[in-house]
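You will see two complexes here that share subunit A, one where it goes with subunit B and one where it goes with subunit C.
So, the complex of A and B:
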């Protein structure tokens, strides 16, 4: 391990309130530790920020998947294993369960959390496009209170978010109808290998049609094609009110390409990412049931 | 009971499963320091100054620079161009400059960041073209560590009468050995006794010994090198451990304490050796009917900043470039050049996978060009008994190329499946399928007169309580050598395996039976085990006047021998097989004592929306003389094929400014089980008279076939020639050219 552990301290609050109190009282920025599957990698590489770490793992207030009114509410500590196992998620929000199944391998799925994926803010985070496609809201909590931020306004730039230093992610709230089974949907992950892979492109699509066959609902969300996960609003607008046919698939693909800005990096090329983003969308549209 | 040919359980298996086996990081040490290496941050330039930040706490820190080397600051290998610590000039990124040791491992990385090294930067040479263009002179006048030429027949005349010439260029990339256990070493300098002891992860204890003596200025008797349990190597622990051993020794020499150095994965990836990248151009002279008149092969490898083992890698690559074919006229010209990148080194296959890739892809492309099936064109040129290889070795009856390919084609239903793929491809919207093969040979043991020069010796003794002990320098690194040696010894002595012990390779206790490389251990050294056992057996039978009935009887005869005649031991020494002559000057003759012959068949499915490749089936057919232990032999082939699938499809070392930019297993992508199909292994056996119980070497063989077989299958699937590996989806997109 390249980190010098003497520079770190770990504290374990017993309750959420205690944790919020510590956040409020601290002058230095605290590091919140959930499953540790990102943070421990940073420690090993010697790039983790030294200082006080707050271990959230024992806070049961941050766990659980519940139906509350017309929302599904997920605690920030919800693990990928829990997402995969949940009947509610599999039925109402299947893209989230599918995404969870592609993360790392079993050990990572047992420890890795939804809140950690969101807060870590990697543009390649696999749960993030489904959350965008499902109109998720992030519930932030501090000693000052609770506020909800629509997920597509959560990030302000590469690995930067609206969360204040004294705030933590408490929960994720998703409208129950977002994943309605009357809508076509698809999760696409193109990773570097079949398992234990970071996404080169990740996407989630949801598409609903009116009785006359025209598109009346569309969400297209991508990861790894921009500094943050993105919803392609122009693409969505382009297909609303239209019938799916080869011409629409073609024109919408052009809109898609104009709306993403992938880069060359050590995992892939901008060219490949553009190609895959387009074909993923094309294939989804071609294969919308009942076409 | 005969043990050879059975899947006897692993001799060292229990110790590894129960955690009793001690890898270097597990060795119990008291009162020791941790060592760390401070490395260059530029690829080429002059070192202007090395300073130690006055703001840092340097108490208790041992610091070693080139000035502290007691002997010669040089890694003695084929050339003497590499310093053990850079003194005034750096030739590549991550070159060792300063060594630090401290009791507290936690502090070392931070201390390393407080060593300030100033450079004068020079424009680096980062690839083959820049090296050949002599943008900088890095090695002698021409940047060429070694050049080789092989000639058979009259290539010029054949090209002069050719109706046409078919030319292609093939490329293979760097590859990382990716052993599970990173490099690690512990050194203890005993100043009072003037003695140095080194224990660590390694393939070749005597190489480490030989390398340490000049650096430390010590006579060989004053240095002892021992192998700890070793978690994989694949060539990566052939030459590099000498460097790490020397670093730990230098720190121990200066501090007077035991020093332990264990690389983490990132350091191991950026600093240690990799497979040589290679570019091969092949020109073929064809007559009007499409017959091959001549082959003209030109291969260039990138050796990195220092010579290391590159000439030998080039040699094996050059010899294997002509494949298992009888071409009347063939020329192979090759060279390995210097660049400002970390030195490349030994890796399973040792140059052969690179040139075999080129030749097999070329035969495939030729077949496509001529409108013939890939196996049909090969059939015409595969070596028959009595024909000669590119390096003019008459293979006599020791040839199995045609048989193995025919068996592979028949048993995989190759022709039928080719048609099925083509049928499928006509109707599928989003997928393509393809099937391909590669036919090849791999020579076992050192090249040419190499085994004679090694002059390997091996000892076996029998204890007074009736245990047979094998003393060899050959190392167990996961490949199963302890087991196969035990089987050979047990059968030679007519005893159960439990009566055989393997003596830990330690240069003070075992004779030099040569390095554990080049698929030589089972075949060459295994034969020495058999012979030494034979000598012991004869001596004991002569003394007793009879042979033994069972292990207890054996023990009583051994006890009697110890009482009446003293210790009982037998020696063996390498003898070349008769009639094998090699001329190193013109690269002609018996390059190897024996060859394994193979044909690998791979089928792939490609998604057109992502260009991701699924390997649908993999069949590996090979003739290996004799299978000593089926589970171990199959394991070697399966593992090698998986490593080969990685080489072919996903393992890409991304160099940026002379250093590996994707230096972790998140971004250097080796296959997982989810990426590989069941590898079906098929052995044919025709015993080789100079291998133990007929065995030939197989360790490197499976590294040769997957690259060309998979590229052939991809070409079949996609209709574009895949002539470069790794054939990543990104590369396939470039080939297909669509946006």
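So, the complex of A and C:
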């Protein structure tokens, strides 16, 4: 471990209110610890921020997957293992369950949380494109109160978000119909190997059609193609109201390419990412059931 | 003589399996010596630089820092870190600490401190003034006249040509009128990449003083005896003052056929007179330890219309990085373990191992044959295609057969001339037939397959390796009998997780008519066990196994002699069976009775055998590998759907362990073929030196791997055995390349075959077609 542990202190609030109180009272920025699967890597690499850490793991208020009215509400501490095991998620929001199954490996899935993936804000986070594709809202909580932010407005730049220093992620709220079984959907992860690989490209698509066959709902969300996970709104707009045919697949692919800006890094190249992003989209479109 | 086998050729349980599975096995780090210090090495951030000054004053002030060593503190002794027999065929171009750094990760100074934290802080606090030199980062240009000289020191020895950055060079030519009889000439260049062994246990070494003031080194090594000799040499202490203990080892794959850190840890122990421990981090393992030599392989061949191969001309540039450890011998193997596989009347070979300011090449499973087989097996495929001949038929027609020899055996050995030999066991045809049937070759090869953008193809590669280094390697073993009819088997042979303790116990048990569980194995400890060169060159089963067999036979003869006297029977036709001596007349005695008699009753003596073995041949194991791949033409992704390795290793002493060696080698090879590669920035710094970025395939990536063991009988090996450990890593790269060709019609000659690279090749072809 590169970090000098002497520079760190860990506190364990017993309740959510206690945690919010500590956040409100602190002058320095506190580090929130959930499953630790990102933070411990930073600690080991010597790049974690020293100072006070708050361990959220014991806060039951941040756990659980529930149907509340016409929403699915997920506590921030929901783990990937819980997502995979949940009947509700597998049935109503299958892309989330599929994404969860590709994260790290079993040990990471047992510990890693949805809230941690969102707050960590890596452009390659695997749960993030499905959350975008499902119109998720992030429930932020502080001693000042609770507010919901649409997930596609959550990030303000590379690993930066609208969350204030005294706010934590309490829950994620998703409309029940977002993953309706009448809509076609797909999760795609391209990595170097089967497990424990950060995505070269990750994507989630949802597409619905009206009785006449024209597209009346479309979400296309990508990770690892821009500084944050992104929804390709121009692409979505482009296909709305049209019938899926080879021409649309071609023209929409061009729109897609104009809307992403991947980079070269150690995992892959910008060219390759552009190419497979387009391929993933084309294949999804070609294979939409009932075509 | 063939005889019914009882213990040998049976998949008995690995004798150390239970202790490993339950966490009781003792690795280096599982002991703690009181007062032990932590060591940490300062690694060079520059690829090529002179050290002008080292200021340790700040570092020394850090509480807990006990000792800091720089090149000023140590004797300057040129040596090689290659764990090879004496005199080593590698140049003496290394110093425990030097005034110059030659790659990013080269060592500058060593710290020992009371805590790891203090050691790490001290390393960061050492101030070094460097004169940065231009690095050599391109193997092809390393020999240019204007290339900076990497080994400009005057005291290094046996460097082929330091002026040209040439660490080693070797070549030969047999035959004449090259390419005059051929109808077709092929001329191809293949490129292989930097890869790392990635043993689960990184390099770890401890050293302390015993009560006789001798240095005891407990280390994760494949070569305990070479480690003792080289430490003594490098630190100028007598061999008798050094003891090396090899406990359980967590994998080596060649990485630990290297005396890498034993010298510096012993030097710190000497300087502090305290126990010291050094363990590499994963990043240090990748950057500072050893790698597979990347090679540029230029292979030309001549072919006649009737399917006869007339010529091979193999020219190799091997990048040995900053030091020439194993440079000559790895390069030799690129020819000697590849060229003899196919008959050709004219064979030419030239290998130049060049220095660069990049990570150091070393021994890595396959040892140069891996790179050579890639070129050879891809070219063989192309030659068959030119003749419109089935690649299997073409290989069968040309491969070396039982009773045949190859001039290559004599022309090229381990850094020197080789040893003439002819093939006394060969199951390659059967390997080809059985493997082909398993993969469905006839139904699949050359047929368009797959739907849409997903294409399928099958590929093949044939392989050979060696078993031990003839005329050079020696292994010895001692076996002694205990009161209950059990035995201690003491060996220098080095089990590094391979299962050799089990296999060698099986051999002894077979001779003595007992179970392998009645043998207590101890390996290896330079104070306690006889000499063995160590675990490399696919030698342990074949070579050390023979020493064990001979030692056990001595003990057996003594047992029969005692039993004969006890029963007053001529033991001439007696046998040992189920822990009993069974006389020809049916009378029996238990081994326990014999042991007690020999130790306590009459003419007391220790029943004990001790024997050494050297070999004058290096019988090749053979293999035919097959795979089926899927290539996604839209993403470039190559997926291996199934893999078949048919292997002739003579008698498999333990079939399950032989399968394990094969499967491990195949997965290692698939990973190397498809994704593994150390990448560098323009200054020669590795960009992916941790497992976060350097990805190796794991079980979830493994396709179904089917191993078919094809039994043959090798007369020079113990119970007909040959080697099995290295050969199968050579298969996947050419086998997958050939399968990719079968799938999409593109020949890839530059590894690894990443999705990015495959896609690029597809696009280039598409562009080419459009231009036509």
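The rule is simple: the second predicted complex is superposed on the first by the 291 of 291 C-alpha atoms of A that agree within 3 Å, B and C clash if a C-alpha of one lies under 4 Å from a C-alpha of the other, contacts with A are read in each partner's own complex, and residues count from 1 in each chain.
By definition in this document, contacts are C-beta pairs under 8 Å (C-beta built on N, C-alpha and C of every residue); 3 or more make two chains touch, one makes a residue touch a chain.
Computed from a predicted model, the values in this text were never measured in an experiment.
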{"item": "Side-by-side fit of subunit B and subunit C on subunit A, or clash", "value": "clash"}
{"item": "Subunit B versus subunit C as contact partner of A:203, first or second or both or neither", "value": "neither"}
{"item": "First (subunit B), second (subunit C), both or neither touched by A:99", "value": "neither"}
{"item": "First (subunit B), second (subunit C), both or neither touched by A:4", "value": "both"}
{"item": "Subunit A residues touched by each partner, larger count belonging to subunit B or subunit C", "value": "B"}
{"item": "First, second, both or neither for A:190, with subunit B first and subunit C second", "value": "both"}
{"item": "Touching partner for A:266 - first (subunit B), second (subunit C), both, neither", "value": "both"}
{"item": "First (subunit B), second (subunit C), both or neither touched by A:276", "value": "both"}
{"item": "Shared contact residues on subunit A - subunit B and subunit C", "value": "2, 4, 41, 190, 192-198, 266-269, 271-272, 275-276, 279, 282-283"}
{"item": "In the complex with subunit A, residue positions of subunit C that touch it", "value": "117, 120, 634-637, 675, 679, 687-688, 692-693, 695-698, 700-701, 754-756, 759"}
{"item": "Residue ranges of subunit A in contact with subunit C within the complex", "value": "2, 4, 41, 105, 190, 192-198, 266-269, 271-272, 275-276, 279, 282-283"}
{"item": "Of all residues in subunit A, those that touch subunit B in their complex", "value": "1-6, 41, 44-46, 190, 192-198, 266-269, 271-272, 274-276, 279-280, 282-283, 286"}
{"item": "Subunit A contact footprint on subunit B (complex, rising order)", "value": "106-107, 109-110, 264, 266, 429-430, 608-612, 614, 650, 654, 661-662, 664, 666-667, 669, 671-675, 729-730, 733-734, 738-739"}
